[in-house]
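Heads up, there are several structures right after this.
The same chain A turns up in both complexes below, where it pairs with chain B and then with chain C.
Let's turn to the complex of A and B:
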């Protein structure tokens, strides 16, 4: 196997690889700005300098030349090389800043040049705290600036597009954003203009940066030049806690991180998942923080004399159980949803199955042609495949409307699906029936339902979703509800404020906690009222029962989902077929 | 807004330019030149026309056009005086020359006189460091070794639409050889 020596340590590598990528893959450190594993390599930041050399090979003796100590003679490249663009070769010797004074000097001088025109506005810059330039200046940079002249001034606060703001003075011209629009989103809307120290990225005059993936450029910007107009000045990085989750606004189910402060979702960023979204996500998915924060149903609501009143959980449970007891099981229509999780759909179908209504239906929300062939799928719901795999009857909108309006049913139980908002039935049609809505946000369906049960969103519960490719992924709660607690639930993440904040601080409150429970938990409580043997203590137990009872989910566990970044259920199925 | 378009003959010529290269990107510069010769400038609308003609994005064309001061991104005067203010010229007094020129014409660098005759630009190196300080007139003739009198003469000439003559420069070889040690 080919060998390479990095700072006097021997490593083995296979196949073509770049030196920088190899160093990063092996957990070593080398500073860089412009390199990105998914983009082309321009080598223009000059930060990943290394000394590189190769052993001298004597063709006559057909062996490596050795010095008096018996060591290989190394012929170094005359100048420092950028590791990002340097191909690793057999026997190569690399000296990084760990062993080479020259490299340390090179990195320091490069940083000094980059910083010459960079404004010193870290205290008000959104990138501060997660800024490669800031981190690397602390670590490898010069101690001060020798530049005593007026800095070059460039345009500030340019609204490049609806979601991205540019501060050209902070830009270090790494061209990551330009390469992203050229190579990944392919909109080619950005370009570097002017030249020399006036360089900065911008769109053509009169045109907007309205790429549906535009905010990814904010994520990959190694400085604060590009900022999200939505998140700008909302929160400092170190105040938030970061929780892995998945995008629920689209069938693709991109892996994301949810950033919360005081139980409000402040922003959503993509999380690396090579099986689904690589490093990217569509802008629409970042708007999901509104679903988690705004217009939530908190505390159950019950219709009394045609007026919606907030009620206790007990009252809501009694109202529901009385209604169920007053009719036959086959008079209940059970509507699952591709917007709800695998666990909730399963629990719903199982609960009413035990009650005597075996049939559960759902209507997928697929709009042909609304997606692209990248990260936006035609399927607008996050769990259509999950519902299919669970064996819930798939109906189109018209058929579901016919079921809901049919005289056969006296009670409609709706999980999460906004049947009125999606124009499956009209508000009057639904209002003419007794309906129970288990939902997260106030909408047109919750407005006309007789009983409204607040359930947790993807940011508040442990559950799994199956995306359009048939890949199952799970969410971890990022927000506390009234009934969960980060300090007690060891799977929830805790940022600095969560750790050190107390209820007596003015930045920690209870007001952002929603009074809601997972849908399966509500069904467990309802089962207690109705004396049905239906008991789960956690979503994990629900999932274990799914795994034990459903072919599609066999051999899957939360641990496997975590360690393998999701499990491909669709292909697993095929593999088994091949084996047979 | 004026509608900018290439004629059929020009499009044929552009096709020939594109055919010289493996992809359309390198054709941006010659086509921008054609456009500037035709319209007198490459304003954003013209850049969009070039982008459309070459099947590129307007952003790419804008990036190229903005890199070169020789492309006029806005309407300019009849004669554009590009005064080099890069290092060699600067050391030989290019800023004095520029300010003198600004005073003579009553405009600042980057502006155009009211009669639309002259524009002044402060530009980067034009590759004539040996003849500093110097300027170029409308991407054409170089005027070398600028002095106050020379500027007056050139401006007077241009007012009568007379471009200054090309100035032959004595060859380096003809200088006195340096003393040998």
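Let's turn to the complex of A and C:
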């Protein structure tokens, strides 16, 4: 096994590796800006300087030369080397800022130079709080600047494209964004223009930066040069709670982080998952924060004299149970949805199965050719495979329309699916039936349903989804409903103010809490009304029953999903995971 | 022929022959003889032998770094059937350098012949000639020469009836100093932004379009036919022992007869100033000599005695041979102004890829401008030197060094000029 000595500590490594990546993999620290594990290595920020040396190999004796103390003779490179571009070799000796004054000086010098033309407008910069330049300046930078001249002025507030804004003065020319469009999204829309300290990245004249993955450049920008036009000036990083979750706008199910403040989702960023999305996600998935905040159904609604009125939960339950009791179970059509989670679909099918209607149907929403070969799939729904694995009958749009309009059914129970909005049936067709809609957002289906039950979104409860690759992943509650509490619910993630705020910090209000419950919980309450033996205390219990009862899901648990970043249901062998 | 007998030296790179740039005249005087000799007897002149001949001749690259040319050629990997390239570097954008221009104008065919021989030695079939965009007329001259060579069968398919084929493409740069650096020259040839590449991999492993590539200066190639014609021993006999061959000295500045002069390497600087260039304008004293383009450290006028124009002697004197583009400054020169102008150039030409160069060159220029205006302080001089250490050896290519060296050595060697320009300042001790 090849060995390498970093700050006098011995490490072993295998195969070709760059020194910086090796240092990061081993949990050591070395500051850098331009390096990104998924992109090519330009070595242009000159921040990850190390002293590097190799032992002198004597070809005649076929061994390393030793000095009088029996230590290997190390020949150091005459210059500071950039660790990002330096290949690790057997016996290499690396000195980082921990042990080398020269490296400390080199890193400080580079920071001083980067900062001379940087505007230092952290108080009004969106990146502040999660800015590598800010963090490293506090940690490794000089105390002040010796620069006494006018800074270089460059264009500010350039709308590069529909979703990205450029502040060229903040740019440190790491070229991560340019390399992203060259190498990952392959749109090649960005390039560096000008020369020397006037450099900045921009699109070709007259062209827009409308890459479907454009906002990823905002994430990888190590300063606040590229900001999201949508999120700009909306929230500071330290005010938000960050919760791991998954993207539900697309069949790919990218791993994401949901950032919430006062129970509003402020933004969505990708989370590293080597099995699915690496460090990236499509821009469309980031827009999804709106579905968690806007146009939500809060409190049940019941049709009275063709007028939709807000109702109490009790009244909604009574209305529903009365309707169910008034007809035969085989007169109920149960419509599941690829937009709803595995747990909700399972609970729905099981509940009505116990009631006597064994059949549940769903219509996947796949548009051939609408995706690409990267992170946007043809499947627009997050859980098509999950519904299939649960054994819910897959129908195409026409067949589902025929079922809904058929005279056989007197009650239509619709989980989440916007059957009117998707133009499966018309509003009139649905209005002619008695329908119960369990949904998250107001839409054309909820407008004509007789009973509308507000259910939680992926940001409000745990649910799992199976993506197009057959990989099951789950969400973690990120925002509170009227019935959950961040401080009491240990499953919820916390932000800085959750941890450190006092009871006098009145930053959390009730106004953004939605009056909704998980679909399985509504069914449990309904079962109580109907005297059916159908009882779950949490989504975990629902999931445990799925695991116990369905072959596809056997051996899967929330813990496994969390620790392995999702489980491939086709191949449930434990996967070795190297988290960078 | 040593440099002592320079007065009786007959130029070979730019010979005194009328219309030598025309292919007929070039042929009449033995032109393309070396190429014919090689191609006629390929079993005798194998590519390895040609490479070794060039290596033995001691020819060192004329672009500035002075690396042994034959050795560089021998770094090319064995042919694997894929494309391989020569990129001939005629970007010459270093201020004070204008030697390749005379080759394009007066002797393009000796370069073409040398490049074809180089292509033969390294089994290469495509030669790119990268000429700076500002040399529009010289690009046209070079294109004419290449067209003529194609017509006469020295370029193209089956050269002179042999199996060997070479294509030559004349490419115009777009006006960036950085594209004279070999790896950014390759980026520029590939149609990309002229950013230097990280080494390794070196061009011989991964050059143009990821294929093995050798980059040599125009003047370097122009020397090759003479080595093939007359042998490496003959060539080694010209000029300094460690830096053999004739050099094109581009002499500019405050001299009576500026211009490009061909003499053996190792000429005394004083001979070049007072002999070849016929003395300093107005009989003034020499204040400073920049021996090889603006990035080489300037020598003081009073330290020129016995300094020769070869890499060893100049290193001892504290400078470098560079491109051999000398700039002579007389005693009236304002060194602050001179240094500001040099720094302005490097600030303007830094490509902006690496932090120390992108930001450092601008800081140097701004500080020098402050001193030039009379607003500087002694602290600024120390700051300049400190900045130089922050830039030197910290970047991908050598532009940061090229920008820092003139500042470092002008400030240290002519410090009295700078101190005279800064404000008298008194700082409280506590």
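Throughout what follows, the second predicted complex is superposed on the first by the 562 of 580 C-alpha atoms of A that agree within 3 Å, B and C clash if a C-alpha of one lies under 4 Å from a C-alpha of the other, contacts with A are read in each partner's own complex, and residues count from 1 in each chain.
We take it that a contact is a pair of C-beta atoms (placed from the backbone, for glycine too) under 8 Å apart; a residue touches a chain by one contact, two chains touch by 3 or more.
Please read all numbers here as calculations on a predicted model, not as lab measurements.
Bringing the complexes onto one copy of chain A puts chain B in a clash with chain C.
In the superposition on chain A, A:85 makes contact with chain C only, not with chain B. Shared-chain residue A:439: touches no atom of chain B or chain C. When the two structures are aligned on the shared chain, A:204 is found in touch with chain B, with no touch to chain C. If you count the residues of chain A touched by chain B and by chain C, you find the higher number for C. Using the contact criterion defined above for the overlaid structures, shared-chain residue A:270 touches neither chain B nor chain C, since it reaches no partner. Shared-chain residue A:196: touches chain B and chain C both. In the superposition on chain A, contact of A:188 is made with chain B only, not with chain C.
When both structures are laid over each other on chain A, chain B collides with chain C only at 184-192; the other stretches in 112-120, 184-192 or 382-390 stay clear.
Looking at chain A, you'll find residues 191-192, 194-196 touch chain B in one structure and chain C in the other.
Residues 44, 47-48, 51, 57-63, 66-67, 124 of chain B are the ones that touch chain A when the two sit in their complex. Across the interface of their complex, chain B is touched by residues 187-196, 203-207 of chain A. Those residues of chain C that touch chain A in the complex are listed here as 176, 193, 195, 198, 347-356, 358-363, 366-367, 370, 383, 390, 393-396.
On chain A, the positions that touch chain C within their shared complex are 41-47, 49, 78-80, 82, 85, 106, 109-110, 112-114, 116-117, 146-150, 152, 172-173, 175, 191-192, 194-199.
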